[in-house]
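Same chain, two partners: chain A is paired with chain B first, then with chain C.
Here is the complex of A and B:
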């Protein structure tokens, strides 16, 4: 029998998910909390391996452990633990089970050594995470969940297609560096890109995450996009296109974030912005850039999780999530407010908070490689992050105009989960070598360089000054109940509109055809009616006498014919 | 029982925070005169580059977003009829 420590890391989560489904609630909660801890410990003892399975002629590598996958493995165990703790008060077996399945699938995906295994977990992630949206149990969430799943499934199909073509061409399924040169590699690139929320493919994220449950969003924001970042780092490191794609990703969402009312949707847009920094780093492909991208992915899961949790706590307590309906909550939720501010400081990359030590690596790498316009774009985006995520989120939820809501702090487990995330944010921010030592390349980088700290403080404080001035001068756009159209307009408004228009055309066409057919029918019926109708020649009744006469004539004729 | 007066209910505290922010900004640009920042790109060497870049970026961001609202903003139930 294989030793306990050789268990594939995802298996613990799957077993836990089954147990949670079957066991009574209390026991299930215990299992849910134990699974990430146990899994993390086992991962710590798991040696760097690449076990191979031979099925007929196909070689699969279901578990490959190296520095890169191990780092993401630890990250996902931490995220799973925080997420489970945050949602442990729920009596919802569906969410408890699917969130464990989801975490397990994400872990399975980062340890997948071949493309087919990756595909398998890729799809399981899509399926299990969908339930975290459906579990909101509203019509809106149901529709958003279906759209989410459809787009995730398309990503999976593209991945499978690319995998099969590569297998046919090379006879190998191994998931290593892929040159972006062939159709197959492009298919895989797009599959990763959809999950990574590349521009134009990004809308599933901002559509579905804000519709998920208060606790579900915490899981969602941790796994799917970060698995895609991992996959890009593994497969397409150094692909130059990614530098430009990433730069666009950092810039365009912040405009949306400024005018968006739903605060969790603001966070969703800011998530695309943060992933943009990682994508740029992966595209550069240098040791510093890759390290920066991965370190930033690590930090982002924690601080974005913290922000999502603080908003989840607000939604859980007040039932509201629109900036226009919130405000003044610092009076009744002071602890949540403080924790949210720690998350906000981290995402804004304040010195001594976690975002600072990782984003700086990417920025330095961009300048080292001579991409000065990309660097300026990232600098603009950095100022913008502070503006919309660092200030807007806490300001409109907890300060600003007092909406008159008086509530209380969230349950202890929620606070505890947020406290853990906040401690990690500060710990990594103060002592980044904790994280640096886990990175795939050795790190020779000091983030607390005097020039750099001064530069970052200038950038952030003057961004804050800009916010304050715009707010006092009443130039800052107010929070309004609204929807802002994005790419989703194509498939939620234009295509349905087009199809109903085409449907209209078709039905008017068919009306025309059937009218023509009816007219033709009528003409035929008229002819038939003339001959067979009550007054038709062929329907006339003849007197018996005339019939006898005719019979006599025929008999006479046949008699005459007989004689001759 | 009337609700207790909270920190930001007092307008003076808001003003205090604002003056604090202005003071910090002021100190930061003064330090920039004294301390030599190590630079990689020549544009960084401009006086307090990061300060004014941050300020202008944010004003630009907000003004453009306000314009975008004119194009992008729809009713809250915009999609509900189609879904």
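Here is the complex of A and C:
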């Protein structure tokens, strides 16, 4: 084999990112488009390897190729290609560069054979993806981006801490199955959990994705959480806690999604719901369940990408994203409408669309393992998905009340990217064995058995009927301009409010204390600033005499310490 | 076998070249002389280093007087490494100085500048190679006096007060060192460091030895900017000419740390310093306070040079913590961080020098949009910043990693939190600059104005080194290991 093909998969993207930064726009676009194609080809020829690399006494394994990482590798190359194609009309060098860096880091992360390399790409992903949010260049997006990065960085630090402790204890950095028994493994588990949007940690996702650029959301929805899913599958497959965490993840976002007005935020919630299915599968740990989880991750990237792109196209053309401001767009954007419906059908798991063939595997595995209640929860969640993602998204954006917007189809490159995703959705839905052949365990599974297809169709029909009835009876939550309160409320409102509230409680409602506490808060910040601020005690230029005083103090102190 | 006179040459070359520079008057010519001298000092240091790497120790006796009677230069792997580091970085920074200095200093003063530069280098190398305690003091004074002059060359008028304060503090430090050496001499009747170690009376209650140690640690602590004796440092680095800031940040404090190591391990011995005396406690406490407090101060700074001057204080904190761990692993981590930090901080200060050269200011506000106006400079800054934070694959990561391991070996879990917190704080202040440079637009659009190649090249060499030593650690880690072994091996 040519040595050329032994290049680490992520390198192509990094080189491309540098070229895009330096080259003129046209050439840069060409490079952006070529990188995923070339990278995918090279990956195809890359043999299963685990190259080792010694730094000091540490053995690193920067590139490990096996079935699991290869599948995610292909997926990310496809996602990167679709994303680049979707955004190729932009003349924004910042986004073009960082999206390639982001894709490359995600690919680097799934091929990382040791925890340290994983950490490295983990943080690079966080850093590069932040720019896709900042690139919206609004104050709101800036703040959301900073919050996003902060949480991602915390995840990285936890991962690093866990890694270092594991290394100190075992002397090995290898990233393989981790038993959830020690403090170190818990740290890593939480680090993965944050990126995977576990309940209570999920908030960065629904907070930041809707604030990103129309094209950035397509990249964001493809990589970060799926890398976390991969990391869980690699490290914590068969951990029972994941089954229940996953079940909660599938159910709770439904309620938020139904009342949410910002359609991209609806998609963000439905993303957590879909990841829930994957997490359940990983938690079960059987061959069928893992296969199902991974297949679902694959499909989710494609159909969620398709939905994000259709919403991105709407945002790009109309500048609006709230369900209450949109409607009736099918007249001016018929192609986008039909592509969006294909995505909606896939995410709702209509038979012959991609979501069906993978979700079915997870559901079967849940029943095989005897988790009836979890199965019921997933069933409820499936109905909910159809409700908020399958019907709500296309209905409010393209049908519903006519908001009187007359616009046109998005640029050709956007349409093309959506068409590719739609073709993949249908292709995998009709002929799932294409995907099954790539899965890490050999598959002997037929999604199209009669009971299964019938059950799913019943579920969908009743769900649709319910939506229709609720709509006609006017019980369905109207499209309101409202703010949903989620966990972010904890740190954006609750914590700042807590201190004054506690003050109020403690002093049986005396206003004085609460004010005092608030003042105390301010005073603490003031003290910090007074000492560390640009003209603070510790930062200012001291008179020479005081400096000398310090010398005397230190000398006296050390003499005392030595003598006694 | 090589001639041990090479040791002598290393120091005397810059010492002789310095007055020649003073006579010449032409800035260009002085630079050329200084460059030739530094690069030959560097080559000599490299030869000596490769010699001690295989044979252990190289000694040169002045006038043929054997060690306890005459002055001798004595190089083992520890000071071999430091001499190599100092001369290498001086060479690189001197390349930078040519353009930068001719921009900042009037032509007629340049010959004085290079004279002082060479004297400072001679002093630093002299401190490093000498085996004689009093000789060390003399070289310390030479380098200090020269560095006061260098700092006073700064364009800002505050450079004069900064230099004056440094002069007062530095003189106190030197006096303390002299007192310490004097006490040792009174006790042992010798000035040769190895000889002092052999004759030093053992025992806890030796008050003279204790007092000598106290004076030496505080004196050297002043020179190396040990918290809270660092107060002279921020202004000195901030207001000095760009090249001088980088030069001193990367070499002077490092040499001072070497002096501390030499006294603690070679002269007093590991047992006396760390087991009989509570130095480990003092160092760890001061180190932790330095890391957290100086980093926190750095976050709020508006002047970026000053920000990284405080960051230097914090980084010295790491080295002192490693020392305070009082184990071989801790000592290795200290030496390693000393080595790596020299490249990193040198790179950062040179990048800031490029900014000062083109934008005329290093205030945070002036850097708005600098990422677009000076892409290569800011890219260098970003990379060196990553290394400072300690991102994997960088030199900064390697030394923090070893510090981490040394702390775990002692089961000091609190230390892990301090190290991680220090890294996070450094992330914040590096980020402040990056955000300003890449995410803020300047008030009025300005032309792209990249620094000239003569400034960029040395900057990138240092940045490259701060990554190279993160990937290929054979030199740095291997030598740090050996150096730690050598130092601990001196103890009886």
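By definition in this document, the second predicted complex is superposed on the first by the 493 of 564 C-alpha atoms of A that agree within 3 Å, B and C clash if a C-alpha of one lies under 4 Å from a C-alpha of the other, contacts with A are read in each partner's own complex, and residues count from 1 in each chain.
The definition used in the following text is that a residue touches a chain if its C-beta (ideal position, glycine included) is under 8 Å from a C-beta of that chain, and two chains touch if they have at least 3 such contacts.
These numbers were taken from a predicted model, which means no experiment stands behind them.
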| item | value |
| --- | --- |
| Chain B versus chain C as contact partner of A:380, first or second or both or neither | first |
| Touching partner for A:412 - first (chain B), second (chain C), both, neither | neither |
| Partner chain(s) touched by A:532 [first = chain B, second = chain C, both, neither] | second |
| Partner, of chain C and chain B, that touches more residues belonging to chain A | B |
| Touched partner set for A:465, first chain B, second chain C, both or neither | first |
| First, second, both or neither for A:549, with chain B first and chain C second | neither |
| Partner chain(s) touched by A:120 [first = chain B, second = chain C, both, neither] | second |
| Touching both chain B and chain C, residues of chain A | none |
| Contact footprint of chain A on chain C as seen in their complex | 161, 164-165, 168-169, 172, 176, 207, 210-211, 213-215, 217-218, 221-222, 228-229, 231-232, 234-235, 277-278, 281-282, 293-294, 296-297, 299-302, 310, 391-393, 398, 401, 404-405, 408, 416, 420, 424, 427, 439, 470-471, 473, 477 |
| Chain B partner contacts - residues on chain A that touch it in the complex | 140, 143, 254-256, 258-259, 330-331, 364, 367-368, 372, 375, 379-380, 383-384, 387, 399, 449-451, 454-468, 470, 472, 475-477, 480-486, 488, 492-493, 496-497 |
| Residues of chain A touching chain C in the complex | 55-56, 58, 116-117, 119-120, 123, 134, 153, 157, 160-161, 164-165, 168, 528-529, 532-534, 536, 538-539, 541-542, 544, 546-548, 550-551, 554-555, 558-559, 561-563 |
| Touch list for chain B against partner chain A, complex | 6-8, 18, 21-22, 24-25, 28-29, 31-32, 35-41, 43-44, 48-55, 57-59, 61-66, 68-69, 72-79, 82-83 |
